[in-house]
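Two complexes are shown next, each including subunit A; its partner changes from subunit B in the first to subunit C in the second.
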Partner chain A sequence: MNVIECSGLTKVYGSRKAVNDLSFTIAENKITGLIGRNGAGKTTLLKIIAGYYRKSAGKITVFSKNPFNNIQVAEKLIFVDDRMSFPPALALSEILSSAAAFYPHWNKRIADGLLNYFQLEPKEKHQYLSKGMASTFNMIIGLASRCPLTIYDEPTTGMDAAVRKDFYRALLKDYIEQPRTIILSSHLLNEIEDLLEDVLLLRGGSKELQLPIAELKHYAVGLSGREEAFAEFINDVDILHQKQMGNVKYIVVRNNFSESLQKRIGMSGVEMTPVATDDVCVYLTAGNKGGIDDVFHRSE
Partner chain B sequence: MKLNPDGMKPIYVQIAEWLEAEILAGNIQSDEKMYSQYQLAEMFTINPATAGKGLNLLADEDILYKKRGLGMFVVSDAKERILEKRKSQVLKTMVMELVAEAERLDVSEGELLEMIKTIQKQKREESQ
Partner chain C sequence: MSFIEVNEWKAAKKQFFYKLTAYKGFFISLFIAQFVALVFSYGGGMHTSISVDLVSLTVSFYSGDMLFGFTLIWAFIVAAKLTSENYRNNDFSFVSTRISSNLSNIALIATLSFVGSVTSLMAGVLLRVIVYFTTDIGMIYGKNYLLSPPELLTGIYAAFLYLALVCAAGYLIGAVVQMHKVLIVLVPAVLFGLVSYELTKFGTIRWVEYFTSEGSLLMFTLKVISAVLIFFAGALVLSNRLEVRR
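Then we have the complex of A and B:
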C-alpha cells in the first residue's frame, strides 16, 4: 500500500515554483531519505504532506486523503523539525501528556525513558531549551507518538555528535519494534544512508531520482587518468562532474558500463573508483559540472 | 566490525561478507540458525531491508537455507562453499589487478613471481 501518492504536485511562492510538477509514491513501512540542496523544496514538500501548506496545483493524497487541514490525516502523522512550537507556559512533562492525549499510538515508556536518558528536566519550559536540547525533545515526541507516518525535517539540527548517533539508533530500534513509514530529510546523506531503504532526491523542486539506497551506490563511478586515455569510453555517457588535477582528469559518470567494458577500462590504465553516495547526490544536484572551481576559473 | 560507507561495496554485500566471516570463524556452525534480519539491523544500525538483502544474497548462493517460519540456517558444507567462492572470485580478481598493475609498472613475469615468493617466505619466517 502507498502511504503517499502525488502527481504533478506544484507549490508556487510568488513567481517561484518551490515544488515543481512532482510525482512520486512512498510505500508503507519504508524509511525514505529526502535529500536535496538548500532551497530544493524539501521542507515545502514535507509541509504539504503534513497538511500545513495548501498545494498550488497537482494531486496529493496521504492515507488516500487530501492532507490539507484534515484532522483524520493529522492524527496519523507527525511532522518534526527544529521549529516545532509549543505553548510557552507548558513544561516538558505537560507537553508530553498533551501529546499522549492526541496521538492514539503514544508510547509513554519510550517518552519517559528518552527524557530521562537525555537528562531533560520535566519541569523545564520548552522555550528555555538550547537549540540542541529542543531538537532532542522534538525527536522524543516524534519517536513516542509512533505515528504511522513520521516525518523528520532536518531532525538533528543543533544536536551534538553523540546525541545524533543515539537518535539514529533510537529511531532504528523503535522502527524494528513498531514498523512505520518514516521520511527523513537531510543534507547529510552519509549520516543517515545506512538507515534508509529508499532515497528521493530533489533538485529545484523536481524529482531528480528515487531509488533504493543500494542502487545509488552503483549509480556513478569515478574515472581518473589522462584525458586521451578514457576519451573512447565516454562518448555516450552522462558526465556528472569533472575536475582537472595536473595532467590527470577526474570525471564522474553514470555507471552503465558493461562488465567487459569495465575490464577494458581497467586494463587501459584508467583508474575506476567508487563515488560516495553523498558525492553522487552533490553532483546530481549541482548547478554546473565543475562545481565551485568554475567560479574561480581564469581563462588564459 | 565496522561497516565501510566509502567502499564500492553496498552495505548488504558487506553484511553478507561479515556473515561469511562468522561462518568461517566457526561462530555459527553448520545447521545452526543464522542471525535474523532484525538482529543484524540492530547490530549494525542499518535498515532491516538492507540486512535482509545481505541474508538473501547468501541464500541465493546456497550458503544459507530457509526454513519456513523459522528463519535462515547454515548449510552443512557452508565453509567449503565460501572458501571455494573466494578462491574463484575474490582471489582471481585480486590477481588480475596485480597483473595489470605489474604491467603498468613494467614488472616482468619473473620479477612478479619472485616478489610473491619473497613475501611468502617472509610470512613463513614471521610465523615461526
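Then we have the complex of A and C:
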C-alpha cells in the first residue's frame, strides 16, 4: 500500500515554483530519505504532506486523502522539525504527557528513557533549551509518538556528532520494534544512508530520482586517468561531474557500462572508483558540471 | 454542524484540556487584573465632605465598575492573543486541524468567560465586605449594596454574556488582523474612527448601546448569542484556509 501518492504536485510562491510538477509514491513502512540542496523544495513538500500548506496544483493523497486540513490524516502523522512550538508555561515532562494524550500509540517508556539518556531536565522549559537540545527533545516526541507516518525535517539541526549517531540508532531500533513510514530530510546523506531504504532526490522542486539506496550506491562511477585514455569510453555517456588535477582528469559518469567495457576500461589504465551516494546527489543537483572550481577558473 | 467530523470534536476536546494546563497564565493574569482593580476601586472611592456647625458628613462612593472593566479588557486581549501565530502553531505541533484548533479555543474562551464573570462578581462582593469592615461609620446606603443570591446569579449570567461577547469580538478582530500585516494597523484605525464618528454624531456608540440598553434578559441573551455565533463563524471561515507557517 502506498502511504503517499503524488502526481503533478506544484506549489507556487509568487512567481517561484517551490515544488514543480512532482510525482512520486512512498510505500508503507519504508524509511525514505528526502535529499536536495537548499531551496530544492524539501520543506515545502513535507509541509504539504503534513497538511500545513495548500498545494497550488496537482494531486496529493496521504493515506488516500488530501492532507490539507484533514483530521484523519493529521491523526496519523507527526511533523518534527526544529521549529516545533510549545506553550512556554509547560515543562518538558508536561509536554511529553500532553503529547501522550494525542497519540494512541505513544510509548512512555521510550520517551522517559530518552529524556533521561540525553540528560534533559524534565522541569526545564522548551524555550530555554539550546538548539541541539531542542532538536533532541523534538526527536524524542517524534520517536515516542509512533505515528504511522513520521516526518523529520532536518531533525539533526544543531545536534553534535555523538547525539546524531545516537539519534540514528534510536530511530532504527524503534523502527524495527514498530515499523512505520518515515521520511527523513537531511543534507547529510552519508550519515543516514545506512538507515534509508529509499532516496528521493529533489532538484529545483522537481524529482531528480527516486531509488533504493542500494542502487544509488552503484548509480555512478568515477574514472580517473589521462584525458586521452578514456576519451573513447565517454562518447555517449552522461558526465555528471568533471575535475582536472594537473594532467589527470577525474570524471563521474552514469554507471551503465557493460562488463566487457568495464574490463577494457580497466586495461586502458583508467582507474574506476565507486562514488559516495552524497557525492552522487551533489553532482546530480549541481547547476554546473565543473562545480565551484569553475567559478574560480573562468578568468584563466 | 455536519462539516465537522467526529474525530475533529475528539481532537478539539484533547486540545481544550491541553490548553487549560498550558495557558494557565491566562487565569493568573485575570486574578492580577482583578486584584489591581480591587485596590483601585477601594482606594479610589469618591469622598465628599460637608460640615455644618458641629455636624460633619462624609459620603464615600465605592463602585465595582472598574473590576468588571478590567475583566472585559483582559477578556478582549486574551481572545485576540489566541488567534496569533504562536498560539496557532502550538496547536499544530500535535494533532490538529484549523477547525479543531478553533473549537478548542472557543471552549477555552467560554471557560475563561465563566471564570471571569464569577470572579469579577465575587470580587465585587469582596469589595463590599472590605468597605463594611474598614469604614468606621456603620451607615451604608446603596440600592445595590445588598445582593440577594438571585441578583448575584443574574449578575454573573449577564457578566458571562458580556465577557463572551467581548471575547468573540476580540477573537474575530484577532483573526482578521492575522490575514495580513497591514491589517494590524488598519483594523484598530478603522475601529477608532468608527467609535469617534458614533460619539460625535450620536453622542453614544450605537452598536454598544444595542446590547447595553436592552432591558429584557431574554432579548439580551438572544442578541449576545447571535452576535457571538456570527463572530466565531467569521473567525472560523477566515482561519480555515490559513497555512501553518512555522
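Here is the rule we use: the second predicted complex is superposed on the first by the 297 of 300 C-alpha atoms of A that agree within 3 Å, B and C clash if a C-alpha of one lies under 4 Å from a C-alpha of the other, contacts with A are read in each partner's own complex, and residues count from 1 in each chain.
Everything below uses one rule, namely that a residue touches a chain if its C-beta (ideal position, glycine included) is under 8 Å from a C-beta of that chain, and two chains touch if they have at least 3 such contacts.
This structure is a prediction, so every number in the text was calculated from the model and none was measured.
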Considering only touches as defined above, state whether A:75 meets subunit B (first), subunit C (second), both or neither. second
Return first, second, both or neither, reflecting whether A:194 touches subunit B, subunit C, both chains, or no partner chain. first
First (subunit B), second (subunit C), both or neither touched by A:84: second
Kindly classify A:47 by the partners it touches after superposition: subunit B alone (first), subunit C alone (second), both, or neither? second
Answer with first, second, both or neither: which of subunit B and subunit C does A:162 touch in the superposed model? neither
Per the contact definition in the header, classify A:101: touching subunit B only (first), subunit C only (second), both, or neither. second
Residues on subunit A touched by both subunit B and subunit C none
Using the touch definition from the top, list the residues of subunit C that touch subunit A in their complex. 5, 7-8, 11, 14, 17-19, 21-25, 86, 89-90, 92-100, 240-241, 243-246
Listed in rising order, the residues of subunit B that touch subunit A in the complex are 3, 5-12, 38, 41-42, 44-50, 53, 97, 100, 104
Residues on subunit A engaged by subunit B in the complex (per definition of touch): 30-31, 168-169, 172-173, 175-176, 190, 193-197, 213-214, 217-218, 266-267, 269, 273-274, 276-277
In their shared complex, at which residues does subunit A touch subunit C? 47, 51-54, 69-72, 74-75, 78, 81, 83-87, 89-90, 94, 98-99, 101-103
